[in-house]
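Next come two complexes, and both contain chain A; in the first it sits with chain B, in the second with chain C.
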Partner chain A sequence: MATTMTSLPATSSYSVGFGIPSVITPQTRFHRRRIVIAKAEPSDKSVEIMRKFSEQYARKSDTFFCVDKGVTSVVIKGLADHRDSLGAPLCPCRHYDDKAAEASQGFWNCPCVPMRERKECHCMLFLTPDNDFAGNEQAISLEEIKELTANM
Partner chain B sequence: MAISVTAPFTCRSWTFDPATPLPSSSSSSSKLSNFSSLQSHSHLHRLTLNNRPFTAFPSKPRTLHLVQAKKQTFSSLDELLEKAEKPVLVDFYATWCGPCQFMAPILNEVSITMADTIQVVKIDTEKYPEIANKYSIEALPTFILFKDGKPFDRFEGALTANQLVQRIEDTLKAKK
Partner chain C sequence: MLLAATPLSFYAPPKPLLPPQPSSLLKSRDFVTIFSTTTQSLVSSIQSPPTRLLATPPTGKFLRKDYLIQKYSAKEVQHLVKGERNVPLIIDFYATWCGPCTLMAQELEMIAVEYESNAMIVKVDTDDEYEFARDMQVRGLPTLYFISPDPSKDAIRTEGLIPIQMIRDILDKDM
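Our next item is the complex of A and B:
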């Protein structure tokens, strides 16, 4: 996605918020306006945690990653990003009115209720074998994730 | 990426950015202003933009310098929809949404092959939550096909280029 991260909110893919300087801390963000600003890149620690979680959960649920591992990589990073900013891996493939409230409520925290109950993952992270986009892998390395999201 | 309009025959994106950098802008977060250019079909070259999002550009010059281009400024998505001569396919996405990124090259392709039929616009729901709220966007990606400025068809999730083209064509044909 963005090739550089600038300090101007308007030109960066990753900083949001109009007139809010990009150095605002998470606490300030929550108090001042109820927008959660996505940071440019999730922390390596969170990415690793969500990567491991994804592998384990795929095995446990007999689901598979997408044939296009780029999708898997982006979602893992999205989960990691929410874990960093909200404390919980809120589903990155949804639009929310209030992310913080959703994260505490939990319905959309990965693995979300639709996934747990019906193996429905619209993020295309966990795909049942009959899904057109399902590959045959349940593993993904950190290198793969980095490589496939390098242009973002 | 903010709101970008993918042009025909190019892999170009236009971005609508909030008016904050401009001194005379209002503080309304829904105000968008940018210059976007429509290129005539006979000129396929001289692209100063590729598929990269606007973040690669310096903040001030949002004008696209293209040969025989028509510049248009939109102050909001509503205005864009109002002034559109063709149906507009709007893609509501988020940066870290896997299926949304999967759709990016597909949308490019479709905007080129269906250049005469539709115009493609992408909206970053994290940058423009008020627009996303207005259209009750939940799952991402959500596609809304606007005709005559009004939502005409709406669907969610990733699809292949063929499926997308089929859906758009069927919709425009059926409800004419």
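Our next item is the complex of A and C:
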């Protein structure tokens, strides 16, 4: 029986801990296929919040963004997307058995424990100066993020 | 048994399955058969009408698709793994909003161009194929699985972004 999730915002496309597949409105009465929307965009507000957080945390931790700002943009959008759907910016570069449980537990909420303790960011968002991929910038604009993630 | 691929086919009873019925009962039985996933008529009646080609698509082998590496579902990957192969298989587990996965995808596209038909590379979206990723114990992204065509060899698994030369080394030496 198809069900629609009404409790989560429209940007969510995960069946987070409920065991119910997320279904968008079926096309007609006769088509009973499950349709999963392909990764709706995170809200502008969340992207802006995570952008500001990233800039501020990079300054605070003396780390730099990647030379390829596309990577930075994608990760910031991933954090924003998780913030929208889970309420917390869960690391987008991991696979979780239960995203909601991980978000409330907090280990992988950005900045994650490995980053806070050892400055290890496998998302390549915050890079120490000795990293081959580290650029020399600690700022990124919203326009850059939008431009670099335009075709996703 | 073939049904015409038009909307009216939904109201046509599948002859081998239903005995002759009065028309009012027919419609309610039809809904039952349509919503049942076991009848063959359901599959054939959902086919879209045949499309007409306006022009032949280009035949250049790298022009047909946007990317060489295609996204596969869990079932398709399982078929690939179980089936006969004589080339190594690389499975790239990724997520849409994972930054290093985009760099890995670029590297794998280059590998696909270099190796052409000497390696098979597929990608799996871990947000779509939750259970498959969990069964394969995927944690960090991107995760690559290198599966040799030789069933006696172990699969190799790497986590995180790896240099392209390492991918070449694994393909050349360990597969």
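Convention: the second predicted complex is superposed on the first by the 113 of 152 C-alpha atoms of A that agree within 3 Å, B and C clash if a C-alpha of one lies under 4 Å from a C-alpha of the other, contacts with A are read in each partner's own complex, and residues count from 1 in each chain.
Convention: a contact is a pair of C-beta atoms (placed from the backbone, for glycine too) under 8 Å apart; a residue touches a chain by one contact, two chains touch by 3 or more.
Since we're looking at a predicted model, the values are computed, not measured.
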Contacts of A:A139 with chain B and chain C, given as first, second, both or neither: neither
Partner chain(s) touched by A:V113 [first = chain B, second = chain C, both, neither]: neither
Dominant contact partner of chain A by residue count, chain C or chain B: B
Which superposed partner A:C123 touches (first chain B, second chain C, both, neither): both
Which superposed partner A:D68 touches (first chain B, second chain C, both, neither): both
Partner chain(s) touched by A:A101 [first = chain B, second = chain C, both, neither]: neither
Contacts of A:K77 with chain B and chain C, given as first, second, both or neither: both
Contact residues of chain A, present in both the chain B and the chain C interface: 13-14, 66, 68, 70-75, 77-78, 81, 92-95, 97, 122-125, 152
Chain A residues touching chain C - in the complex, by the definition given at the top: 13-15, 30-32, 36, 39, 66, 68, 70-75, 77-79, 81, 92-95, 97, 122-125, 152
Residue ranges of chain C in contact with chain A within the complex: 10, 34-35, 37, 46, 93, 95-103, 126-128, 130, 133-134, 138-141, 143, 160-161
In the complex, chain A residues that touch chain B: 1-6, 8-14, 16, 18-19, 35, 38, 66, 68, 70-75, 77-78, 81, 92-95, 97, 122-125, 133, 152
Chain B residues within the chain A interface of the complex: 1-2, 17-18, 20-21, 27, 29, 52-59, 92, 94-102, 124-127, 129, 132-133, 137-142, 156-158
